[in-house]
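Look at the two complexes coming up: subunit A is in both, with subunit B in one and subunit C in the other.
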Partner chain A sequence: MSITERELRDYFTGRFESFNQGLNGNQSLEIKELRQKAIGAFAKQGFPLTKNEEYKYTPLTKALLKSLKLDAPVNSETIPTCKQHLIPELEGHMLVYLNGKLAYRSEDLPEGLEIEQLDRLDQTQISELKNHLATLSNYQSDAFAALNTAFFQSGSLIKIAANITIDKPIIIYHFSDGQSGTIYTQTRHLIMVGKNSRATLVEVNKNLNPEHQTFYNVASEVFLEEDTQLHYYKTQTECSGSIIVDNTNINQKDRSHLYCTTVTTSGTIIRNNLNVTINGEYCESYINGLYLVNGKDHIDNHTTVDHRIANSYSNELYKGIIDDAATGVFNGKIFVQPDAQKTNAFQSNKNLLLSDKASMNTKPQLEIWADDVKCSHGATTGQIDGEQVFYLRSRGLDEQQAKGLLLYAFATELLDRISLPVLKDYLKESISDRLYSCES
Partner chain B sequence: MSKDNLILDKLTSSEYKYGFETNIENDSAPKGLNEDIVRLISSKKDEPEWMLEWRLKAFKKWQSLTEPKWPNVKYPEIDYQNIIYYSAPKQQVSLDSLDDVDPELRRTFEKLGISLDEQKRLTGVAVDAIIDSVSVATTFKDKLAELGIIFCSFNEAVHNHPDLVRKYMGSVVPMNDNYFATLNSAVFSDGSFCYIPKGVRCPMELSTYFRINAANTGQFERTLIIAEEGSYVSYLEGCTAPSRDENQLHAAIVEIIAAKNAEIKYSTVQNWYPGNKEGVGGVYNFVTKRGLCEGNGSKISWTQVETGSAITWKYPSCILKGDNSIGEFYSVAVTNNMQQADTGSKMIHIGKNTKSRIVSKGVSAGSSQNSYRGLVQVLPRAVNARNFSQCDSLLMGDKCGAHTFPYIETRNSTAHIEHEATTSKIGEDQIFYCNQRGIDTEDAVALIVNGYCKEVLNKLPMEFAVEAQKLLALTLEGSVG
Partner chain C sequence: MLIIDNLKASIEEKQILKGINLQIKAGEVHAIMGPNGSGKSTLASVLAGRDSYDVSDGSVSFLGKDLLDMTPELRAREGLFLAFQYPIEIPGVSSTNFLKAAVNKIREHRGQDAMDAVTFLKLIKEKMKLVEIDQSLLSRSLNDGFSGGEKKRNEIFQMAVLEPRLAILDETDSGLDIDALRIVANGVNTLRNKDNATVIVTHYQRLLDYIIPDFVHVLYDGKIVKSGTKELALELEEKGYDWIREDEQVTS
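== the complex of A and B ==
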């Protein structure tokens, strides 16, 4: 039996008091206040319905109402062999979350890298984070960010000191297995990269038990100080049965470089909110995304690049292949504020539709208040070019091979931008089988 | 840079040329809107019962609606009870020839550069002049009638061709379409009606000239154009209003229907009073324009040059229902000072092999805000649909804004959709190039802006293209960027 939005909202708001008290002693006053504010913001907004412009094409709330069983026990008993689900040969400093609880973490971290559990920080540590924690989060305007801020139970604080290069990637695995029913988890990360430092961050989302619906609501805040460089990869490759909302907010200071790539290949509904605020001069942001969806999956990428200071550069490329009755949504906003003169901002969204039931909704959006800028966006939706298929067939490939090759070429343009060879190869391999077997 | 700004300032500070007011006696309804006013308008027009019922139904619906807040424009709340919904120049009931027209009125049109006499004799453009939303003169009626073309005021059509009006009115823009369309359906005072019979190619441009004259009035006119199978018509629309400190509301509806293989070209040069430099006064231009390509192979083309109005809110749209039908939208929207524009187009692909093209050029200067908002929708049945959209914005000065909100919804895998948008200012290198060749900066800007808009201006009929170019130069005079 499905429930109404009101009931779901009341369920969360009603649960808040006891939840917050249950955490007593374990949390500082600041966090308590923050949660209080967030639940207020959430209660006011409620879950977004499709009337909400930001969720116009993504019936997220409807899916939650249909699948969330509120009284299902949260499963935490089984510590499965997470190991077999790690990305093979990808070495790094690992954090493994199972159903939102920390299951494993790498010991012996290199000098300059500090990883703490966000929910275990003491009063002094929290006070130090005053200027960072929840300052980027859009919990006043987004219900899911608010929900996460109010309820987050686990998560990490990743702190990189100044003038350090962390050679190995930091890898965060989010596993869920819905063995005992529906799971909803709220995880939160705070990532701070100190001046003149470099790091690579990989976030991997997997649903180990696709028969069970899970709802994963994760929020991350990333601070890039001056002269930093961050490679940030998010993969959502085995997420069948998952409803994922990912809110990532990134703040860039002078001369920082961001390379962010999101790869999605399955998920009941996946909503990625990636918000980059450029708060410094001479910043560079490269934001890429690839989504390959089939079945009835639904992928929604919302990105915002907010240029607040002059002389920065941003370049965004999202590509998608939509098959079967799947749906793709892309909304890319570029804001150029009055002070952000000499901004160069580019955005491109390219889509291939392989089936008549597939649909794609694109809304690239430019909002510009400064005059000395170069900004452009482009969006295309189409299908495989018949002439290209003919060319390959005249060279002896059969139709499926020809199409597969063209799809693979379309998709790998993005994967080639990944600077971690192991991850790149892993992703290429995981999509190639699928693309070569696409029928259309 | 500073020189650029100087010229920009000069350009942006030019005055509105059509701001005069004509002293003609008006027959006005009292301020406010209620059922009695709707009945009054209907009785003034001597309308049949079905028309009154339609109005009352619309009025009832309107009371249940709320004003839309989603457009990217800001304005103080409109007091709908402080508007005069009906105002007409006091005139004898019908005019047999132009000589019967009030000389004051004719002088008005001469000032606007549309001498009705001269139009008639020289240029061969049939004009329907509408002042304060009442049609005052229609030229060339007889000559058109020989071909079976009906071109008259909406009110005349209601009386003389009720079957056509009843069949098509509200078929493209339903009575309950949106807040302003519903308001218009309740209180519209007049407008133009045009019917082109099967296989007829209209030998001349048909033109409507709209002018708001009386103070505190809203202008609510309705245009209905029907092109039967295989016919062609090119239709022009121009608008001006006196300079006033209050805002005036203009909520019009344009419905056009193209049958099999028919082609309709609709061009607008909109130059309502934009308000003064501080943003006081000006016309609120909230217009619903929609075309239905009903038959196979039909074509509807919208061309608009938007330079006036304090606030523009309009999205000329095409519903591409017939197979192989084509929709086009060419737009230049120039905003200056405190003007705000939220304009664009909707292309709904329903039939097979339908094509659409959107070219939108925005120019923002002063402290204005210029938004493009468009929708390209491909429905599952629209096999091989093709769309190309281009929306470019040019910024002059650092206080203005340019925004684009394109929505692209594709439900068919054979569709080819392309959208591109750019935003930039006039390049210093381009100006330098012109300077180097002896063209001063101001002329260079005019040249560059003209070149930038050429793609759209080229689509205008000749008489209009000249006017539009002049208008463009005038609106931007002194705004070199």
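== the complex of A and C ==
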């Protein structure tokens, strides 16, 4: 039997005191206070219903109420063979989380790369982080960010020193493996890239046991200092049965370059909030997303690019292929603040619907307060071009092959921008079978 | 090779082809001429299998088989080729990969093994010379950002690679400058042999200076109203389509 929003909210707020007390010995005063503030923000907001403009097209709370069984064992553990679920041949510095607990981490980190467990930091370390931890987080405005801030129990601090290039990617695997009931997980990352350094970060989310629902609430804060370069990839490719909320907040300082790509191919409901604040001059931000959804899956990408300082450039491209009775949502906000003169900001969202029951809600939102800027946005939602299909068929390709070729071309425009060849090939391969077998 | 018998076709309830009769034998080149709106491109589209047209009557036999009963891809595999009047731009689809897929589908249909990469590249190189098409063009997406002339040359290039039994060139000369026209014509002439046939659909006589047709047909208001040899094309060029129109009124 499903529960009400109030019951679910009370369940979390009710658990908070004992949870926070229980952690007492292990956490600093700062964290304790932070959690306290966050639970307050959460209690005030509650889980967002669809009358909340930000969640209008994404009935996340409804899905949670339907699937969460509060009396079920929370984190049922198995010792699965995580290894077989890693992306083949993708080498790097690995962190593997299983049901929200760190299951494996690479040893022998290169000089300049420090990885700590965020929940195990001592008082000194926490004090050093006070200008960073939870300073970007949108917990005052987003209930899931608030919930995560109040309850996070695991996660990583990834710190890259100044003037260094970390050659191999840092790879974070988020595996869920629910054996009974619904498991939920609150994980949090803090990523700091020091001045003039370069790194690649990959986050992989997989539900290893799709018959069981999982609620994965992850929040990340990313700080890019001056002259940094970060390639940041998020993949949500085997997430059937997952409800995922990902809040990622990125802050860019002068001349930093961000290349962020999110690829989603399954998930009961996935909501990605990606907020980029451009707090420096001559920054470049490339924000890309690809989503291929079918069945009754639901993918929602909410992005914000906030230009606060002059002379920066942002370019955003999200593309989607929606099949069956699946739903896509895209909301792209661009703010150009009064001081952000000479900003160049571009945004584009292109969608293909493959069935009559597929739907897409797209909403570009530009707010421009500076007068000397170049901004553009565009959104299209359509079907496969019949003329293109006929052209390919008239050369001997059958209909399915022709459509597959067109869909694959549509999707790979984004994947071709991935600078990590192993990851690019893995993603291309994983979408190719699916696109070449689309029925419609 | 191709026998069209009393073919009638319409689009959105509007009848365009009102009973076409035409026979084409292996080794022949036919030109179909006619004013705008006479049904030339419709005829080409119906033969290639574009599904926006409804065939209400008549039959088309291609190499002894019922052409109208086949899907567009089956027609292509059986040896029919349409050079599009407006070749479609397909961003993201590599020209070479697409063509390799097409070649192998046709080979599969004929019971031949798939062509390996080396042999395919050799074939491509050889045919590229024929239409003086540049390698760089083929490494790009299919027709994406090609100029009008490049697109038309790419059509003839595809035709050269696929080696159809019957090629229909739909207004291939339109938008071509004189050099491109010569290249295209040269390609078509080189590919001509006793086993294949070509249908040139055109408004102007110009292309026919380079590709000499065995027969010329005049299409007017959905019917072939006059057939003759290459002299007919010259006569049309001189007198214009009004001459046919008047002629038609007299006879009807």
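Simple rule for what comes next: the second predicted complex is superposed on the first by the 439 of 440 C-alpha atoms of A that agree within 3 Å, B and C clash if a C-alpha of one lies under 4 Å from a C-alpha of the other, contacts with A are read in each partner's own complex, and residues count from 1 in each chain.
The rule we apply is simple: a contact is a pair of C-beta atoms (placed from the backbone, for glycine too) under 8 Å apart; a residue touches a chain by one contact, two chains touch by 3 or more.
What you see is a predicted model; the values in this text were computed from it and never measured.
Once both complexes are superposed on subunit A, the partners subunit B and subunit C fit side by side without clashing. In the superposition on chain A, contact is made by A:E387 with subunit C only, not with subunit B. Seen from the Cα centre of subunit A, subunit B and subunit C lie 70° apart once the structures are superposed, a value rounded to the nearest 10. Of the two partner chains, subunit C is the only one that A:F410 touches; subunit B does not reach it.
By the touch criterion stated above, A:N148 is placed in contact with neither subunit B nor subunit C. Looking at the shared chain after the overlay, A:T200 reaches neither subunit B nor subunit C.
In the superposed pair of complexes, A:D398 makes contact with subunit C only, with no contact to subunit B. Legend: residue contacts after superposition of the two complexes on their common chain; A:P338 is shown touching subunit B, with no touch to subunit C.
Subunit A has more of its residues touched by B than by the other of subunit B and subunit C. Figure legend note: subunit B and subunit C, brought together by superposition on chain A, show a least Cα distance of 14 Å.
Within subunit A, no residue touches subunit B in one complex and subunit C in the other. The touching residues of subunit A, counted against subunit B in their complex, run 53, 57, 338, 341, 351, 353-383, 440. On subunit B, the positions that touch subunit A within their shared complex are 70, 380, 393, 395-425, 481. The touching residues of subunit A, when paired with subunit C in their complex, are 385, 387-388, 390-399, 401-402, 405-406, 408-410, 412-413. Interface residues of subunit C facing subunit A in the complex, by the touch rule stated above, are 48-51, 71-73, 75-77, 81-82, 84, 87-88, 90-93, 98-99, 101-103, 105-106, 109, 141, 158, 162.
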